Amino acid sequence: MDIVVTSITFLIPIFLLAFILYIIRAIKGPTISDQVLAIDAMTYDVAAFLVVLSIYLRIPILTATAIVLALWIYALDIYIAKYLEKRELGE
Amino acid sequence: MTEVLIYIGLALIGLGAVSDLIAAIGMNRFKNFYLRLHAATIGTIWGAFVPIIGASLVAIGYEPLGYYRWFVAGAGFVAALLVLILAPAGSHALARATHRARIVRVEPCIADHLDETMCIKGGSE
Amino acid sequence: MIDPVTYMLTLIILCMVVNLGIALYGIFFRPSLVKKIIAVTILGDTANTFAIMLGYRRWLSPEKPSIPPVLLNYANATKEALAEFSARAVDPLPQALVLTAIVIGLAVTLFLVFLTLQIHRLYGTTDVREIRKLRG
Amino acid sequence: MIDPQVLVLGIGALAALASVVAVYFAVIERNLVRAVVFSAIQSTLYALLYYILMAPDIVLVYVPVAVGLYPAVILFLISKTEREEKP
Amino acid sequence: MKHAIAVLSIVLFVLAMSLLLTVAGGLYIPSISVRPLAELYLNTTYNPWNREFTALSPEGVTAIVWDYRGLDTVFETTVFYLAIIASIAIARGIRKYSALPGKELGLSLIVRTVTRITTTLIVAVAISIALHGHLTPGGGFQGGATAAVAPLLILVAFSHYFLLKRGVSKDLMLVIRSLGLAGIGIVAIATYLVAVASGLPGFVLQNQPKPLSPVNLPAYLGGQLISGTLWFFNIFEFFAVMAGFTIVFLLLAIPERIARGGGEK
């Protein structure tokens, strides 16, 4: 049995457990900031997870999706921050 | 040589997974937003940056990927760099906006040097 | 004996059915126009997921997962590689249809956003009950 | 040893189940900004689901549209109209 | 608390119901094979031994979008065009400003610096996605949607006036968008025009040579695979989608105070 595949099989449940805990905070969060922070951490978690999973499945072409996911969740942060700070997004 | 890369990479992925779990537990256990900021930083740098670097190292040494392992490694390093740049900036923007919009109150509060009016001395504890 | 793979696929399909129901509830019974737009986007995404589920295929064996419809190593492709590719790749047609549907869905949503904005400029509210009252 | 197909599809099933919760709160929530945030959770989970269903093209177009553009557009709309949904 | 119970009951219902359906086995489930039509697409998307049907593109999705079902996509582009035009028509009558505010607006310095770096990266990633659309996952729609986030990010992190000062206006974007659409049209009828001019039968939206019509665009350019028309379609669709979304965001970002006519004219 391949050492890489065996190790990643045992590491995936740990990632998934963290993922579930982040989702709980993202659903529960008392304020909007808590929710966005949890989504932030969850999405970076997912991005790391996608790279690991593409090695596990041996499909290299799927790695490109991680770049896109890492780029866009920053945009969500900025939008919510601007809304909380200024109320008018355009200026 | 390739075995060494694979072992280092797997160790980094394992370290990242464990840090991610710790950060997720902290996310649920900490009391207010400013403390959760700390957990989120652990979760993004140790929980995302380190495993992606580890996965890139594994991909360089992993034969079944064939010629495309350089693609995986390159995309992985770019993604890791993006996480390293973007995660702190996003957290910063969110924290600053939260403080300015006054939607999170910290109780009990010792001192708030940015805005004294937000600090309610001697709260519930 | 329950096949776990069938169980997982059924679970995904049923979750999408439930999402479709909740989104339809949001479109029909929530008063705010903004909430209706959010529900419409969720409805569109869920319908797209159904289309992609149609194109999925099961794995050939545990060592040979199904792959995206992208041929790797095309420069030195042999006929055997091509046969293996068409034995493992998922159906590309639903993906191609969904691809354009997502972009056009965003354009149509932008149109709905402008309509809602104009309604708010004219009537001063986005609540459908009040808009109906204003028009008699 | 666990079957890899069950493991991978199990991740997808988990994402689908979590998306049901996110969609429920996105439709029920009265504060519209929080509804947008819930719909962003749903978008991220759907992106993971599309990845599991082997559609990288859809992930590449869905993530910019649903995580990068939809929340901004709806936040623009909310900031120009109303923040709360009346009961 | 009421919501927690509702969510829990929905989740339990889904779990139990799918167990029931698995045992009963009445639901449609993806099987180990795909439909014959999909087999045809997968077999011919890159097949140098079957030059009559192949699209010569290793990427199945882009081949279907712009070759096998190219006419569908042209009409979808038309729907997209009409939706954007309808949005602009509703937003007509918005005032223009003569004087722009001189002071710096927007979020903090850290965010603005990171956004400057990120925008460059976004445009680079978008162009790479669009140009490699026929080889790796990606294409004109993906690249355009990716690039459209960059102006939106600038609008939010800086301000509406930042883009106006640098000459990114609605009219410029309309010109770019029209050029993109015109490019799609020219590439679509180019093979047909060449075939008619040389007295041969020809098709609109033809990519590789077909049994009746030998006229085609080259599949290789300087030794690199460009898959005939697909590469050009991807580039032009990239400009059309990016510019189309940017127009609407520029209109949407005008502050409400100015849009209602209370601000500077």
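In order of appearance the chains are A, B, C, D and E, and numbering begins at 1 in each one.
One rule holds for everything that comes next: a contact is a pair of C-beta atoms (placed from the backbone, for glycine too) under 8 Å apart; a residue touches a chain by one contact, two chains touch by 3 or more.
Predicted, not measured: the structure shown is a model, and the values here were computed from it.
Shared contact partners of chain A and chain B are C, E. The interface holding more C-beta pairs in contact, when D-E is weighed against B-E, is D-E.
Centroids of chain C and chain E (each the mean of its C-alpha atoms) stand 16 Å apart.
Between chain A and chain C, the centres computed from C-alpha atoms are 20 Å apart. Centroid to centroid, with C-alpha atoms defining each point, chain A and chain E lie 24 Å apart. Here the spacing of chain B and chain C, counted between their Cα centres, is 30 Å. Annotation for chain E: residues touching 2 or more other chains are 10, 14-15, 59, 61, 107, 111, 118, 121, 129, 136-139, 141-142, 145-146, 149, 152, 156, 245, 252-253, 256.
Touching of two or more other chains is recorded for residues 19, 32, 36, 57-62, 64-65, 67-68, 71-75, 78-83, 85, 88-90 of chain A.
Shown for chain D are the residues that touch two or more other chains, namely 4, 8, 17, 20-21, 24-25, 54, 56-57, 59-61, 64-65, 68-69, 72-73, 76, 78-80.
By the contact rule set out at the top, the touching chain pairs are A-B, A-C, A-D, A-E, B-C, B-E, C-D, C-E, D-E. Those residues of chain A lying in contact with chain D across their complex are 1, 5, 9, 12, 16, 19-20, 23, 26-27, 32, 35-36, 39, 42-43, 46, 50, 53, 56-57, 59, 61-62, 64-65, 68-69, 72-73, 75-76, 79-80, 83, 87-90.
Of all residues in chain E, only 107-108, 110-111, 114, 117-118, 121 touch chain B in the complex they form.
Touching chain C in their complex are the following residues of chain B: 66-68.
If you check the complex, the residues on chain A that touch chain E are 61, 64-65, 67-68, 71-72, 74-75, 78-79, 81-82, 85, 88-91. The part of chain D that touches chain E in the complex is made up of residues 17, 20-21, 24-25, 28, 56-57, 59-61, 64-65, 68-69, 72-73, 76, 79-80.
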